[in-house]
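As written, the chain order gives the labels A, B, C, D and E, with residue 1 at the start of each chain.
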Amino acid sequence: MAADYAYVALFLIVGLLFVVLNIDVLSRIIRPANPTPEKLTTYECGEDPIGGPWLRIHIRYYLFTLMFILFAVETVFLFLWAIVYRSLGLFAFIEMMIFIVILLVGLAYAWAKGALEWV
Amino acid sequence: MTTINLHLQQVKERTTESMEEMWVNMGPQHPSTHGVLRLLLKLDGEVVRECIPYLGYMHRCHEKIGENRAYVQIIPYTDRLDYLASMYNNWAYCLACERLMEISIPARAEYLRVIIGELQRIASHLIWLGTFGLDLGNFTLFMWCFREREMILDLFEAVSGQRINYSFMRIGGLALDVPEGWLADVKAFLAWFTPRLSEYDRLSTDNIIWQKRIQGVGILKPEDAISYACSGPMLRGSGIRWDLRRDDPYGIYDRFEFDIPVGPNGDVWDRFWVRRQEMEQSVKIVEQGLKAIPPGPVLAPVAKKLRAPVGDIYSRVESPRGELGHYIVADGSERPYRYKVRAPTFVNLSALPVMLPGYMVADAVAILGSVDIVLCEVDR
Amino acid sequence: MVSAGALEQFYALFEAWGIPWIVPRLAIMLGVVSIIIGFISVSAMFLIWWERKISAHIQARFGPMRVGGWHGWAQSIADGLKLLLKEDIIPTRADRPVFILAPIVVFAASLATYVVIPFGPGLIVQDLNIGILYIIAISSLTVVGIIMAGWGSNNKYAALGALRSAAQAVSYEVPLVISLLGPLLLVGSLRMTDIVEYQGGTWLGILPGWLIVVQPLAFLIYFTCAVAETNRLPFDIPEAESELVSGFHVEYSGMRFAIFFLAEYANMFVVCAIATTVFLGGWQGPLLAPWVWFLLKTYFLLFVMIWLRWTLARVRVDQLMHVAWKVLLPLAFVNLGITGLLVLVLSPMG
Amino acid sequence: MWRYLREIWRGFWSILLSMQITLRYLFTRAVTVQYPEEKRQLPTRALTQHVLTIDLESQELKCTACDMCARICPANCIHLAGEGKGKARRPKWFVIDHNLCMYCNLCVEVCPFDAISMWTGKYELGGFSRTNLVYDMETMHADGFYPTIMTPRSPPGAAAKAPAAPGGGKGGGKG
Amino acid sequence: MTAEEILQQIQSRFREEIRTAEVRRGEACVTIKADRNFEICRFIKEELGYDYLNCLSGVDWTADKEMEVVYAISSLKQPGKIILRARVPQDEPVLRSVVPLWGTANWHEREAFDLFGIRFENHPDLRRILLPEDWIGYPLRKDYQDERFVAYPWEDRKPGSVPRPTTA
């Protein structure tokens, strides 16, 4: 089983090497490098940046993450359910529908509460 | 790079920096500020809380140049104000001088001015529609609009020899009569253009993303529009039926039949829709002009050296962007003593800090686009 | 890729020479990776050129016409070379390690997804038994790279882009996965080759056995989410040329930018390849070789993606969330429920 | 619920309509002009490089160095000096700095002798130095007939001093 | 309201403040002393109903040692236009701001401040608008001097003047 994933590991490593090779070896040899302080400033439409962007991110954005985690966990169950669905039949259907409906109620609640509004 | 920002220091001092809010420079080098406008936005997440515009990156003291030129020499400089509607600038300036010097111009010139002016309005609105499409992320509309605009520019090139800065109108009429067959070309263009409008609609008006992006965004209340002296489509988009072509007619606009589209809500959609319909109305006006145009000379006999009598005048016309006013003070010499341009976009832009707060960055781009600014005119 | 017997003989040859067993296997694997990287590069270059030509013709112009002669076919190569020669700028205020790592993460993640793409029968790098789950898992890694890029740049536009990107990715992941559940319910396996082989027959004897015929809604939901996952118009809000200048990669230049670009087009290919595999019957098709069919279908979907991009305006970020949570997600659940019910009713109970 | 579904359908349908029109455009002809290979047909009046026109019979410059053009130029880009008296007066040197020129055509309109023209069709004025755009009398010396406001369309063979264009209308004439 | 009626109304209310008043081209032209410009503007806006400030511009009358601020006021509901001129001494050009009446006056007054150096009291944010904040002087004043500013050669222009050198 684990040997199946040798390719995955290899692809990730080669992907890393490919980028490094291109940027830090191949391109480094032929590209110019004349850094000036102004060239190295952060782009903010040609003006000096005012403060930094590393601020505290508002809590309301995390609501989406919470929703995501909720549904991501659910889909993991659903995947298993889907594969063996045919062999389980009606029981699986009803059970999973109950599960989904509970989640949908959660979604409806979030919807009604306005947690799905991006502001 | 290191602009002296005394004011910015004050801004920063008076803001107790909240952890979730940040100041962002939008512009001068930003794709959606239509030139070199700089907006300083206070963002709370994605929502704009405050907006401070900074102007002047294109300032060249047009008015000082004007005070140093003879009346006829100013005409090429007026082209460079609103370079997307140069013909209208020529017209506005010449009209102000004609009113000041009490010159009346031949009938053919009046009709040609209307035809050319309305074609210019279509061209200007086309460029607005295209760049507004760019602001909303639709690249194709931009190119299509530019294709039709090029056709109008071809017509103008045949008339004046230039594609952008025409310098075609003169105090007392036009520099030249139009070439033979030109009026037929205009007619052919209109026949081509009208169906294209419904093609634009497919990508813009009828498209749900387009509708959702701009409906209910950037609302400018009518009382604010009047207080900020907004004009043109900005004012009409706020539900006020006011068009100088009808309400303070200049030239021969009182002889034409046309509607004045207004939008009820004052949002970006209404401003878009007003301009979109104005193109149709302009087509109507040009068609009427083509039917009624008389033969004759196009330039009134005027003195070689123009001198205006002592006095002043505030003369205004309805340019594609709104009320384009020229305030000229004459002291009897061949140069104006004081020459001020009341740029419509300068005034319209001043309402921006009222419209922006409460909307998102993406809306800010759409709202700014809906003002239809030309920075050369704003900064003069 | 080659028949198993030949491979065994190849390995045996090396063992006879006394070379450790790992060397020939690694050599073969490296060869496969090189082929895939070559394919990605060529495909991305072709797609960039193709997109420019399509967009140009939609807009009544020609697009690139000069480089290389016929319709500027070498334009992408010239652009690539130019980017290779561009100065590499890392802003002084950037978070250097994160800034440098970001393109690596993005590219490696999109490369790894190619492991399970079935180009044809046997033409698959490794037919993992969790195929489709694997692809979904790995492709979300791209977003991590984008967030790293946005954060590492220490630029406000990039940060906003990263924030949007994170929100977009988590929102569209959910309907995307649930829309895939419908077909999987029918197939009963996560393995890519199983999914393709399931679609070999016909529906009612006339329609091709592709799953799009019975799962059109799932296909539409999947495709919409796929466009959003690859940050293409109308869902390109993390980049948003006209608002955020170009969002997360605003500070990247030269080759680092090129890697982002390459990864974007590689990702486009992947999502379309999944759509082809799951909904359009993969390599199935008459007359032509299977891999030709596969590429034809995939490139057709890519064409649709490009076509969409040059037709529509960009949605706003709150509308994006609206579409994901309030439209696509309920529809995906409805689709799943109906599919489950139909399977239950129509198939003989085992 | 019904409204919700109808909204979704409306959105989907409007996107399809938009896509239909772009697909149709995909198969229409491009309007681009591939510049160095193809060239646009410029209208007669296209304002391009200045030329000092010549009397086609005597092959001499019409200019009498009256300085009218230099005086009306808003950009102050025309400079010249004349020599001789009365009818024999001709420019000694004549310089136009096209870096400053605004292409307003005022110099041509004001010229009483029809001696300068901008309707020349010479629009490829690029150079590698700004001095390349400063034209002297030699560069601007006409090599044949060039239309002006007074003689908008006379062919080279016809009488060069035709006061108005044949066929009427075209070009008209100032005032 | 006709121009004559407008004039009458203003004159009957602010007799002492008015320097000259006339009707030209159907517009009511009024020159006032500057010290009560705000009250007059408020009267025009609120009682006469001319609520649209078209234009506000400064004029430098160096010969009279005075500066002038010209308000062009009209209305979207009734015909008639008012040109209101307020004169202030050149050495101390200070007026009341009309921003509380018209939002549009904000930028116009900043422009007049920027280019003429006319100061407006009670202005919420009086700073340069078109020129950089560190600019010295007021370019539209007639006595403005700057070595970078090359005046158009009006008087000394004669045939044969040497062309301006154009550098490569």
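Note that in this section a residue touches a chain if its C-beta (ideal position, glycine included) is under 8 Å from a C-beta of that chain, and two chains touch if they have at least 3 such contacts.
Here the structure is a predicted model, which means the values were calculated and not measured.
The set of chains in contact with chain A as well as chain C comprises B. The central chain of the assembly on a C-alpha centroid basis is B. The chain pair with more C-beta contacts between its two chains, of A-B and C-D, is A-B.
The distance from the centre of chain A to the centre of chain D, with each centre set as the mean of the Cα atoms, comes to 58 Å. Taking each chain's centre as the mean of its C-alpha atoms, chain B lies 26 Å from chain D.
In whole angstrom, the spacing between the mean C-alpha positions of chain D and chain E is 40.
Between the CA-based centres of chain C and chain E the separation comes to 63 Å, rounded to the whole angstrom.
For chain A, the set of residues touching two or more other chains reads 41, 44-45, 49, 53, 57, 61, 118-119. Multi-chain contact residues of chain D (touching two or more other chains): 15, 18, 22, 25, 31. In chain C, the residues that reach two or more other chains under the touch definition are 58-61, 156-157, 160, 163, 245, 310-312, 317-318. The touching residues of chain D, when paired with chain B in their complex, are 10-11, 14-15, 17-18, 20-22, 25, 31, 42-47, 72, 74-75, 102-106, 109, 118-119, 149, 167-175.
On the side of chain D, the complex with chain C involves touching residues 8, 12, 15, 18-19, 22-23, 25-32, 34. For chain C in complex with chain A, the touching residues are 29-30, 32-33, 36-37, 84-94, 103-104, 107-112, 114-115, 125-126, 128-129, 133-134, 138, 151, 153-160, 163, 167, 170-171, 173-174, 177-178, 181, 184-185, 188-190, 245, 250-251, 254-256, 258-259, 317-318, 320-322, 325-326, 329-330, 333, 336-337, 340-341, 343-344, 347, 349-350. Touching chain D in their complex are the following residues of chain C: 54, 56-62, 65, 220, 307-308, 310-312, 327, 331. For chain B in complex with chain D, the residues that touch the partner chain are 69-70, 72-77, 79, 140, 144, 147, 150, 154, 157-162, 165, 167, 175-180, 199, 202-203, 206-209, 297-299, 301.
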